[in-house]
């Protein structure tokens, strides 16, 4: 228990807006995406985003078990968000907790609007998001990875779903909050969009924001999402080739 | 943990038979019954009995899930007795314990003989007894409420099931034991009857009684049940109207 | 908790090879087998082996529930190894733990090769091994008992499965390790065979052995198995008659 | 009881009802006759007190184990008794592996309630250090073969096992710790609350029903009687009874108590 | 929302969409109108603060209980708030008994997040001995009747129940033990973060949807606004929204906050 | 192995048996040839020691984490090793989410047994205060891609992860509390007990089977060999073997130990 004590940094952001990891408010952490990391899954992707390592896999369309869950006119979409025991500083007990049950639902609802479910009546599409290493922003990295895995599996989609969080640290609105900001910042706002249609499929807020801060955060997250979307397209164009880029100005 | 310590009263009953809440041995606590408190349930009733608050709801006859539980020649009857986390002095962890599993069965067996189960082959009748506030005698109040909810749902019945407990406190046999008597009394005997036919459908005893005391307790409980039965009929005649009466001499 | 503290004996075996229970390395504990101890089961056997008391029962061939486990071309074989709460010095909490899940599988795999599963397409054969009293070697005694129960149930078999363990205590290889040897010995090797064909259907090792020790242990276990097999045949020939024998030299 | 009717069930029901009308039972017993009680010899558990008994073809095994632990906050001056029943899948083709179901929970609570309401086990005698450390008794009941009337069989076996139980003496060393002595103490049984189970078939009350009788009966009830002839606990099961039927069942139980108690006492 | 289409569902959907096109709703409300909030009088729980409210035909009961226990290691200077929601099977034919499912967990987390992110309950005030002993608040939310918009109903009931809650004062006696006084202390509510749930039907955003509206809606979202008009938490549910729709929903929520808050304040 | 026969399965079986008769395998290997072992570069976990390895197309990820806690009562002078395997649903269409099933439990126990029976991890070195506080090692094994022979892949990855693991030094401060230092200590691996899994197809023993070979094999067995060439643990799986086959498998394992050990040592 006492092996992993975390200390709050003296300050989360300087007056000039320099963050604990040296980024400016609008900057995003380094991201690397690899499509097709697994053999047996129908689609898979590994997203390394800051210190996060998220593996997503998709199976389907396939037969539904148990049968009574089958939807006659469209595909059933299931998603599971799961944290590995070794993904956190202190070892995590395996199995779902309340947070991961909620995130599984949130991720499913983020992806479902993008899938042509009516193309696969009676089938199931199973999405698995495995957090191997967590470092703030696992759900947006997870949605990003799962969207790649869906595309890699050849599931018919209205477009890729890309995701990024914004947050509030003191009076600064920041893009892609890091671990410190997630722990001790004022507000966190993960968001996902279908970029082709500019539709928001995931939006959560935790922590108060004025209407002005909220609008700024929406725009900040959107710019992050646009960048993530470009990386996704690149990763899909050349599967098995790594896409990595450190950006200072989005 | 130490917030709710209960103390045994110095004495449970005076030599004149006055109980800790001022009642005489044969007296019953105030009861109020309201039928039709819920919109979505097929039948419902709220019974306020002393400090007890019991909500009962009935769904059915309806389709059985899972299918393999279906009985071809009659209705399946299920009952669940459940205590709310806020129903006891100390907060109760949600979910069934051994006591509530047993009481669910006892309540089901108290009501099933009154239902024309052969009228609903292949269907299920679901009875839910929710203890919102507990104050001794929740199972008899629960049976009473559930019987009202069954009638309110229009389930064909041989008659109402009414219930009341008797108990032994020292050498006194008392009607409708209160919390103190339940905790520190010598014996408790919940009972339920179909009043039309005078058949006993629930009988439990916990605590020793001589054959004479036992016979006295049977009669005491029966008189309580007769009174409860009258209240039930009144509550059903004018649904949505409250039936309340404090009785000193049954 | 502190009621049952076990102490390691000063030495597990003398230089002359005398063990803590007085046996020589090749000697087996007393065994008693009773076939047909239960009325309702299709087949049953009680094996008393040293301080072990193992009850095995077989049901089947019978219908599979749930249906989706059914195999169209052969019998499904299920086995459960279960320890009674009163089978160990300290009371054991009921329910499966990881060890009993593994042993259930190991026992199933030990018996399945002996069953003509193709004779019972679509059916299930259920094997229950109940450890009433444990004293080292419960899995070999369990396989032995279950094999008798299968035969008693009239299940078509390629032959009986008999089992016995060998172990290493210091530099001695011993037959049928006792409780002390199981706890503090160097290696344990339970083994089961279909004696007619000399095929090994169960083999586990826990603890290092040189190739020479390993070969000696294989032979030691095999001699024990041969003896157990003779007892099994005797027990089956005269059911309801006890077979007991203390052997000093196998 | 039977949840649903099949042709075989209907035939069985008709047959048993007809028998009862003639004053007979399936195995030739009278209505208030208890099956032979046999106590199997040998050591079958690692407990501090055990009994494997047969009531007719019904077989049960009960083991009593001891531990030390904290008392309940509201009874700092009493030992703790924990009761558990397992309907083992070996006992019947209808029993399934898994945690105790509704029936197993009810049975264990019925036996438990009889023992507790008669104050049969002297829990006050089981305190090591008041409010801190007491003996815990685990009464584990195993059903091995189910041919009806598990409650009475388990109650008899439990009383024998408790009466036979011996636990190690300990010396309290402070701080929740004890020194365990070699000397053993016998558990004190202050009473013998014996359960009597009846089923109703037609107008008849049948004591100690076999499985077939349980299957077709209209109603069933279990009544515990103690050595003073008091009614200690009752559990009405399915169906209904009149008041007169219940009073009659109590009387039969009272009249049979000595017979069963003498078997139990002989075996302790 | 509806998982699958049946003829009835399609008819309902068409009907509600047509209504919305005409600017109407099923129960005659305007798009941004909240159903009447009624607080039932009486005592229904054994908690230290409770509220049984009706939002239209939706009924919920919330109880607040207190205990004392250890603080979390990373917040030794704060009390503990535990939130739990139960979708009781009495509330809807589609709710089943059992541990909280995905929906129940999400709802309880949505209410919890609103309360926490607004810092509405002064947890710093609930420390008995820093790092050792604090008050624990259990906020148990019971859904009794489901006619849509459980989130907002539960949030309102929770705020009232918390605002009414009184807990016993205690004196720390050392060693994890306390003396409980008769005197009661009121829980301090520093803010009123109120949830506003919208569904999207066609181009319209409907506030406080009834069950049928929830069933046919394309999308839904819940937004918590506090007394300063800040957005405290958001949970987009199924479907999708444009940025403009979300900003509009926030504005509607801000404009309705005072109405709902005055009901809550009146009842505390 | 295959639980049941379909036409495809029969064809696969016939094909693989015919291949084996000709002395060949599906992927061209000899019978006793192990697939290439590749260790993926990078940091993928938040553990104190990790390894993501590929054995052919089988991929596994193992992480080692540390904690401090109480020792087991019967080993007050030893650290605690906890082993857990998860057959992630990403690894195969037949794996389902949920708690470890029979197969996962068996695999984790087979790896655990190999490590323990060879005394590979020096648990005596992991005591902070005898009888009170020791290091706890959590060995979590994740199966990412299942193309056969999970046991050997997980054993290799576990040994590398353990060999790489570094834990923080602590100073015991009394009362179950420690001061955590910045300095790290390497875990000591005293032995390399390596598992070798064989399947039997016809008369042949095939080392390191791929998934298809596992599916059609008559029998399988896993044998752990340590650096002294001792047999440390065996787990016969399904089917049966003759004594000669088992002895032959042990000999093959012994002959392959150095090859695998050199890969492990290179990566630590």
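So that you can tell them apart, the chains are marked A, B, C, D, E and F in the order they are listed, and the count of residues begins at 1 in each.
FYI, a residue touches a chain if its C-beta (ideal position, glycine included) is under 8 Å from a C-beta of that chain, and two chains touch if they have at least 3 such contacts.
Being a predicted model, the structure only gives us computed values, none of them experimental.
Novice: In this assembly, which chains make contact with chain D and also with chain E?
Specialist: Under the touch definition, chain D and chain E have B as mutual neighbours.
Novice: Trace the shortest chain of touching neighbours from chain A to chain E and give its length in steps.
Specialist: So the least number of steps between the two chains is 1.
Novice: Over half of the residue-numbered contact pairs in common: that is the test. Which of B-D, A-F or C-D passes it against A-E?
Specialist: Repeat interface, by the over-half criterion: B-D.
Novice: Quick check: how many Å separate the C-alpha centres of chain B and chain E?
Specialist: Distance between chain centres, rounded to whole Å: 32 Å.
Novice: Using mean C-alpha positions as chain centres, tell me how far chain E is from chain F in Å, no decimals.
Specialist: Averaging C-alpha atoms per chain gives centres 48 Å apart.
Novice: From the C-alpha centre of chain C to that of chain F, how far is it in Å?
Specialist: 27
Novice: At which residue positions does chain C touch at least two other chains?
Specialist: Residue numbers touching two or more other chains: 1.
Novice: Which parts of chain F, given as residue numbers and ranges, touch two or more other chains?
Specialist: Correct list: empty.
Novice: Please trace the ring of touching chains beginning with chain A, moving first to chain F, and write out the chain order.
Specialist: So, from chain A then chain F onward, the ring reads A, F, C, D, B, E.
Novice: Considering only the defined contacts, which chain F positions touch chain C in the complex?
Specialist: For chain F paired with chain C, touching residues are 3-5, 73-74, 102, 105-106, 108-109, 113, 116-118, 221, 226, 228-243, 246-247, 250-251, 254.
Novice: Considering the complex alone, what residue numbers of chain B touch chain D?
Specialist: 1, 6, 71-74, 98-99, 101-102, 104-106, 109, 112-113, 187, 189, 194, 198-211, 214-215, 218, 222
Novice: How about chain F: which of its residues touch chain A in the complex?
Specialist: Contacts found on chain F: 42-47, 50, 57, 59, 61, 63-69, 84, 86, 88-93, 97, 99-100, 138, 140, 142, 144-147, 168, 170, 177-178, 180.
Novice: Contact residues on chain B for chain E in the complex?
Specialist: Interface residues on chain B, with respect to chain E: 1-3, 5, 38-41, 44, 48, 51, 53, 55, 57, 59, 62, 80, 82, 84-91, 94-95, 126, 128, 130, 132-135.
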